[in-house]
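Presented sequentially are two complexes of subunit A, the first with subunit B as partner and the second with subunit C.
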Partner chain A sequence: MGDFKFAKDKMAEVIGALKDYQVLAPKAVGDVLRFQPVEDPAQVSLDYPNTNVPPKELMFPETETLFKYRVGQTDIEPEVPDASARRLIFGIRPCDALAYTIVDKLYAWDFPDPYYQKRREATVLFGFACSEPAANCFCPSMGGGPASEKGLDALMFDVGDTIYVKTLTDKGEEAAKAMGLEAAGEAQMKAADAQEKEALAKIKRTLDHSGIPEKLPSLYDHTMWERFSDRCLSCGICTFLCPTCHCFDIQDEMEGFDGRRARMWDTCMFSEYTLHTSGHNPRPTRKERTRNRISHKYSYFPEKFDVIACVGCGRCINYCPVNIDLLDILEDVKKAEVKEAKTA
Partner chain B sequence: MVDEKNLRDKAKEVLERDDVRRLIGWARGTYGYESAPVVLKDASEVDKLIFDPTCVQNPASFITLEEKKPVPRGQEPDTRKVAVLVKGCDSRAIVQQLVEKAYDREGVIVLGVPCTGVVDRRKAAKMFGDTSEPVEISEEGDKYVLTVNGEKKEAPKAELVADKCLRCRYPNPLVYDMLVADEVEKWADDEFADVDEFAGQTPEEKWKFWEEQFSKCIRCYSCRNVCPMCYCVECVVTKQKPQWTRRATDISENTAYHIQRAWHLAGRCIECMECQRVCPVDIPIMTLNRKLTRDVKEMFEYEPGVDVEAEPLLACYNPQDPEEYIM
Partner chain C sequence: MMDESNPYLPYIARIEDAWYETPVGDRAVKTFKVNFVDDKVWDTWSHRPGNCAMVGRLGIGESMFCISSSPTEKGYLRFSIMNSGGKVTNALHELEAGDTITVRGPLGNSFPMEEWEGKNIVSIGGGIGQAPLRPVINYVRANKAKYGDLKVLYGARTSDLHCFKGEFDEYREEGTACHLAIDVEEKDWPHFVGFVPDLLMEVAPKPENTIAVTCGPPILIKFVTQNLEKLGFKAEQIYTTLEERMKCGIGKCGRCNVGSLYVCKDGPVFDYATLKTIPEAFA
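On to the complex of A and B.
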């Protein structure tokens, strides 16, 4: 595909030229960043490590209406997103784009989910390579990297006064043309290569996950989980902020005779997640819930879909208020002696 | 200054007792400017314990987080005690939990840690950047000395210390079975300047502020779960039948959640500020609680979490109570 560039001080014009797309970019409220529709291209800044809330919310919103209904009426039309309304995510980090490729498998399996899939189809991903990885990033260990191209339609590099844009798919090429970008030269490509090497060297945390998916089932009753679960708050931070966590609950909301069926993020860290109508809860304590979070990502998901449901973005580590560190848990998993396991 | 050797010796002594099953304290974190809360079950583990300005968390939260599992037929319930290390602010949670009869006084062993302030990780990260290594922090006079990635850094204490410490009136634990260090002198006071400042805005300005803040909320419930006073087995915001609060994240439901959370803490919030510390989207949750704290203080001359013999505010009545809002 093509190599393009634009001057950093022309960013507002470049984004403004995307007339046929809804552009989404990181927006700050105080220190908190989230992807939002761009209202004023002049406000877009590419100066951030990563957003607090991952852009998974752009494909799979926290709360979304599936359909509306009226009691006594049978004509129900699902509110499926329009795949022809094109969107462009400007500045998505490579880890979050890689996460889409993992979640895609889930939403295409069993029952293909039109809500997720239509949004995915309609969206162009303009990635932004990392030059300053954050303290708990470990994407290279998970098959990504600060300039990973996986899942992206184009990848941007900040090379001084210029943004170098490498297009990777037809969708990316088309958007680059709509932006009116000029051709990049050898200098930008070399600078991008150098930046990728530098960024890689700045990533301090690593994980060798070989053997973990196979070992996890044997640690089902192991006491090691309690070392972490004893301080777990059972809150939703690690899962809600995870770009690959995808669980949802479906609830009906009624006002008079009108109602909607909506789905909203749910998390295996909440006690009510597995609560049965009978009152029985198969995961009654934080130990079972902690074990499930790790086992789902690193064992059940790869068993079914051949890929670990983790991209090494570090959010679950960064935002956990009680320092439950995924890499710390996985080191314990590797060290744990299976014979210590109690039988249930 | 807390001598960690003394702290560990005391903890070891407690954990070696037959009638103690766990001890909650602080250990070194895996990265950054905060320690990790830790639950120890064996005296051999006490060397993990630390106390320094990274020990911001409130260990009292973890007493009520432990699930009470049904006891299998033929077995006796485990009645051994839980030991817990607490700073002055943390100890107020224990006082209030006892006032509310959350558990028996005999069920806990409180190891008091006199404290001269803890660090706010957000302030530290702004000043010195993020780091993948755990940072060690010590206090030297009115300065903090930090070891960040092997390099020594210094910062004035006033710039790094948590907001709650800037108005700390209880640096020494209010309830304890033993202290692990000598008591310290009180160095701050609370004039509710922050409440006055916020109250100075117009209702429109305040609503604009809260609308923006509540819109950020992802309803992860970390603020509720970390709160040492939020220990209901079934919470009104997650109850399904009847469903009082919808799970949908929108400005209406998020606002309802935050107002309910704050109101349920009226006369109960002990101001450890854990709710605000844990928020992944930086909602200044304590701004609501602080207003309630002052109202409770001014209207009822009541301060929660300072007197084990007190009655809960909402469970007692005084003929002198103000009733302007009724008449």
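On to the complex of A and C.
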């Protein structure tokens, strides 16, 4: 595909030219940086390591209506998003784009999910390569990288006064044309290459995950789960801010006779998540829930979908209030002595 | 099948008849015989013994229940639901003939009825665990020529807690052995007194060319499978159904996994050989 560029001080114009798209870019909401619809292109800044909240919320909102109804009547009105309303995510980091490609598999599995898929179809991903990876980034270990192109329609590099834009798909090319970008030259491409190498060298944390998916089931009864969950507060932030965590609850909500069935983010770290009506809970303590979180990401998901449900964004490590570190857990998984899986 | 473009949309079904299987009160079981409001749903609806559906009420919510009627019973679906005190089961128990419910399904896998052709079938149930076994029993009864001997073993704490009481005589009239059990002695009770795993040892079905299907409380499943193995049944000959909390029913919302399997999609029917490899299946 094509190589384009624009001057940094022209960013507002470039974004403003995207008349046929709803543009979403990182914006501070209180203390939280998350992707928000751009109201004033002049306010968009590309100065951030990554958003606190991953852009998964743009495909899978915290709460969304599945359908509406009126009690006493039998008409059901689905509220499926409109795939023709185009959106462009400006500045998504490569790890978060890679996360979409992983979650896509779940939402396409057997019963395709129209709510997720319509939003995904309608959205163009304009990535932004990382030049300053954060302390807990380990994306290269997970098949990504500071300039990974996976899942993206275009990738931007900050090369001094200029943003170099590499388009990767027809969707990206079309958006670049709408932005009115000029052709990039050798200098920008070289600068981007150099930046990628530098950024890679700055990533200090690594994970060799070979063998982990196969080994995890044999550690079902291992004492390591108690050790790691001892200080867990069951706050769920590791899952809510995980770009690949996709678990949800479904609830009916009523206002007078008008009702809606909605789905909202849920987390396997809450005890209610698996609680049966009978009172029985198959995962009664933090031990079982921690084990499930790690096993789901690193064993159950890859068993079904051939890919580990983790992109190395580091959010679960960065935001855990009691410093539980995913990579420490996985290092222990690798070191742990295998015991025979317990059977009934 | 469900609306393929949107698996979250339920069908509306009308309750044609509703009755209590057990005395009204705490943990009562009520059976709902329902029919789709839109008759066209039947053109594409096709379920198998073991399949489940999300059953609910608009404004309240939905939960997963097994379809307790066999596909050989035409023109209606049956759900036999215990009021376990939750929001949905409570609200469903309030309903009577004429009321509407939502049905989203059929969901999940099913018993491999074709694979079992030519074999003897032993059904071993306890309490509300008989609900997923009833479609197997009725399917085999409706296709008698295709199967060997059918035996029904069923227990509950007391005789009035047996579900589907009216059908036991029908089984016997057709020559199907129906062995009933209650936990505690009752006046004039002519059948077995004791737990279902003990009833199983008393009846002692032979494992040769036989499939055992069991469902009930976890403790019953545990001891029934142990006893079946004592009788010489191999793990591959034993089938059961699992249950977990569910929301989507289509393998997306996450919560019903046992190990890498989703009970809503990969289950609820599992053979014991598979379950033995998944420690979480017995959690």
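Just so it is clear, the second predicted complex is superposed on the first by the 335 of 344 C-alpha atoms of A that agree within 3 Å, B and C clash if a C-alpha of one lies under 4 Å from a C-alpha of the other, contacts with A are read in each partner's own complex, and residues count from 1 in each chain.
Definition applied: contacts are C-beta pairs under 8 Å (C-beta built on N, C-alpha and C of every residue); 3 or more make two chains touch, one makes a residue touch a chain.
Computed from a predicted structure; not experimentally measured.
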{"item": "Side-by-side fit of subunit B and subunit C on subunit A, or clash", "value": "fit"}
{"item": "Subunit B versus subunit C as contact partner of A:Leu66, first or second or both or neither", "value": "second"}
{"item": "Subunit B, subunit C and vertex subunit A (Cα centres) - angle in steps of 10°", "value": "90"}
{"item": "First, second, both or neither for A:Ala42, with subunit B first and subunit C second", "value": "neither"}
{"item": "Touching partner for A:Leu241 - first (subunit B), second (subunit C), both, neither", "value": "first"}
{"item": "Subunit B versus subunit C as contact partner of A:Leu233, first or second or both or neither", "value": "first"}
{"item": "Which superposed partner A:Asp113 touches (first subunit B, second subunit C, both, neither)", "value": "second"}
{"item": "Partner chain(s) touched by A:Arg283 [first = subunit B, second = subunit C, both, neither]", "value": "second"}
{"item": "Subunit B versus subunit C as contact partner of A:Asp249, first or second or both or neither", "value": "both"}
{"item": "Least C-alpha distance (whole Å) that remains between subunit C and subunit B when both complexes are overlaid", "value": "6"}
{"item": "On subunit A, the residue positions that both subunit B and subunit C contact, one per complex", "value": "249, 251"}
{"item": "Complex interface listing, subunit B residues touching subunit A", "value": "22, 29-32, 34-39, 57, 61-62, 65-67, 69, 122, 130-133, 212, 216, 218-222, 224-226, 238, 240, 243, 246-250, 274, 277-278, 280-282"}
{"item": "Residues of subunit A touching subunit B in the complex", "value": "29-32, 34, 52-53, 62-63, 134-136, 204-205, 226, 230-237, 240-241, 249, 251, 253, 262, 264-265, 267, 270, 272, 284-286, 317, 319, 321-323, 325, 327-328"}
{"item": "Of subunit C, residues touching subunit A in the complex", "value": "5-10, 12, 37, 56, 58-63, 84-86, 89, 100, 218, 222, 225, 243-245, 247-248, 250-255, 257-260, 265, 275-277, 279-283"}
{"item": "Residue ranges of subunit A in contact with subunit C within the complex", "value": "66-67, 69, 71, 74, 76, 78, 80, 106-107, 109-115, 217, 220-221, 246-252, 254, 259, 261, 263, 266, 268, 273-278, 280, 282-283, 288, 292, 295-296, 299-300, 303-304, 341-344"}
